[in-house]
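Next, two complexes with chain A in common: one pairs it with chain B, the other with chain C.
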Partner chain A sequence: MATKAARIGEEVWKSRVDKINAEVVTLTYGTIVAQLCRDLTVPNTINKTDYNAVNKELDRMGYNMGLRLIEDFLAKTGTGQCSNFRETAEMISKVGFKVFINITPNVSNWSKDSDSFHLVFEENPLADFVELPDDGRAQDELWYSNILCGVIRGAMEMVQMQIEARFVSDVLRGDDTTEMRVTLIRIIEDEMPPDDE
Partner chain B sequence: MAWWVVFALLIINKAGGLIYNRTFAPGLQKLDSNDYLILAGTFHGIHAISRSINPAPLAERLPGNRKPPTTGIESLESSHFRLTCFQAPTGVKFLLVTSPEQPNTDVVVRRCYELYGDFVMKNPFYSMEMPIRVEKFDRALGGYLVRP
Partner chain C sequence: MDSRSPSVACIGFIGRHNNPLHISLFPASGTGYESERNKLEYSFMLNSCLDIFEARMPTKGLTQDFGLLHALDERIAMYGWVTNTGVKIVVVVDMEGVPAEGARVTAGLGLRNSDLTPAFHALQTTYIRLLRNPFYVPDHHNPKLSKGTGSLQITSPRFIRDVERIGKTWYPGIGTM
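Showing the complex of A and B:
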């Protein structure tokens, strides 16, 4: 299964997607985060950034991207429904991340009942050249790449899976690795409409 | 030369609302827009039924696995046309009405889905689930489906 996903990812990335200079992406994303940090300040202060609000906003932006991106993903890769969450994890890492930003984060740390896992990012194009501001808070509060959590959440929701995604560590904060935890909350099955009678 | 041609494309959102309809060949018999809406809604219902009522024995399901997906109606044929339906895992349906002789309709309808992914979903000003009024999408579809 893992190799099948890797093959699809490789093939689609090679032949079916347009590519642009990675620095354009890195710089554009950096500008967005920096601007959010300037705009979203703690009430009644001039330049004290509310990093929680920034995280939330990034997640929301990603969510709206995910809702749309999933159609492109499904159309280009021609994949159907995964039969279980482990397969989904492989798809996210080896096809999703591969096709859109050419990285394949490692899937690890499965929970006992296979409903949550970690994505370990060995590289992260969004965070190249980035150093968090040294205001003593960004290091503890800002999840710089939080948009990725939103993208996954939005995309999964469109294929009937409600998940929660959040970063648990980030090399930008001085951690050893960059890791995201993805947890399946429930599968949204087709629901029968309530009885008319 | 064989008379094979794409007559029309309809796109139905996951709630059963018609969000796009367009004809591609000259001289077709017309439906009024209300009939299109009724057609879309009716097909949506029948398609949903065909997904859940199914004479085939249940496939074996490993513990922890999801219910295997069923596609529902994939095509309907009559002496004068064929309707090919493709439902994406997100629930959006593409209905392609062609002459019965048109080959590879499954490939054609998937290509339409790709164009939708590109030109509709990536247009930041398109609001999801709403009727599609996107000129670039019209042009791309025209370029693909209208025979010169």
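Showing the complex of A and C:
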């Protein structure tokens, strides 16, 4: 099952995807984060960045991206519905990330009831050459690649799954690995609109 | 008297508006030669190089290897490199910086300009890496544009570490760094 997802991902990446220079993406994303750090400051101060607000804003931007990316993803890969959360995890890591940024994070650390897992990023093209600012707080408060959490959350919501994604470690902060924890909150059932009568 | 071999004494990065971006000093080693380099003295030396850059500034705007800028005395010589954005890199070499041993045993005939080229390439790569960090804002280090006071030098720890590594490991005849 894992190899089938990997094969789909590889095949779609090779044939059906337009490519863009990776440095352009890295620099654009870096500029976005740096600009957010300059714009979102703690109230009543001038230069003190509110890193929690930056994290939330990146998550919100990612959410909006994810809502749209899922359509593109489903059209390109033509995959059907996943039967369980484990299959979803494989699809996200081997096909989703592969098709859009050509990386395949590893799925690990499944919880006991199979409703949460860790994505371990060996390489993160968004964070190439980045050094977090030296003001003593960025190292502890900023999740630089938080847009990825938003993307997964937005994409999953469009396929009826409410999930929570957040980073637990980041090499930019000095940790050994970059890991994201994805937890399934609930499956969203279609709700009937309120009766007109 | 032990034979000595050249080593890097100082590396300086000077910005487009002749503002100092970074200065790294490397003390000489070996018995009888150890002494801390005087930062002020080396600041003046780098300052004096600026005139030479000014005189020979290329009109074309490509990265230029200026080679030997100036030989101060028997021991100290300065080599320079200007990038196409106007950032100047100066390497001050101490001809008797370290005892000659191991890979550093050279013919002792003096330094060629091409001996410094791997060092300059590595320094340019380090500077490019710094520029690729989105949190480094070059304008903040520019005295004409920056509104801050105090030192406008580069503070990125990784950049400083890389420059020191290059300065410490260079020897004449080294290949890629």
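Throughout what follows, the second predicted complex is superposed on the first by the 190 of 197 C-alpha atoms of A that agree within 3 Å, B and C clash if a C-alpha of one lies under 4 Å from a C-alpha of the other, contacts with A are read in each partner's own complex, and residues count from 1 in each chain.
Rule of thumb we're sticking to: a contact is a pair of C-beta atoms (placed from the backbone, for glycine too) under 8 Å apart; a residue touches a chain by one contact, two chains touch by 3 or more.
Model, not experiment: these values are computed from the prediction.
Asker: Touching A:N109 in the superposition: chain B (first), chain C (second), both, neither?
Answerer: neither
Asker: For chain A, which side has the bigger count of touched residues, chain B or chain C?
Answerer: Touched residues of chain A are more numerous for B.
Asker: Check whether A:A34 is in contact with chain B, with chain C, with both or with neither, and answer first, second, both or neither.
Answerer: Only chain C is touched by A:A34; chain B is not.
Asker: After the superposition on A, what does A:V130 contact: first (chain B), second (chain C), both or neither?
Answerer: Second partner only, chain C.
Asker: Once chain A of both complexes is superposed, is A:Q81 in touch with chain B (first), chain C (second), both, or neither?
Answerer: first
Asker: Just to be sure I follow: which residues of chain A are touched by chain B in one complex and then by chain C in the other one?
Answerer: None.
Asker: In the complex formed with chain A, which residues of chain B make contact?
Answerer: Interface residues on chain B, with respect to chain A: 48, 51-52, 62, 64-69, 88-90, 92, 110, 113-114, 116-118, 121-122, 128.
Asker: Mind pulling up the chain A residues that touch chain C in the complex?
Answerer: 23, 26-27, 29-31, 33-34, 37, 128-134
Asker: Contact residues on chain A for chain B in the complex?
Answerer: Residue positions touching the partner: 67-76, 78, 80-85, 114, 158-160, 187, 189-190.
Asker: Which chain C residues qualify as touching chain A in the complex?
Answerer: Residues of chain C touching chain A: 129, 132-137, 155-158.
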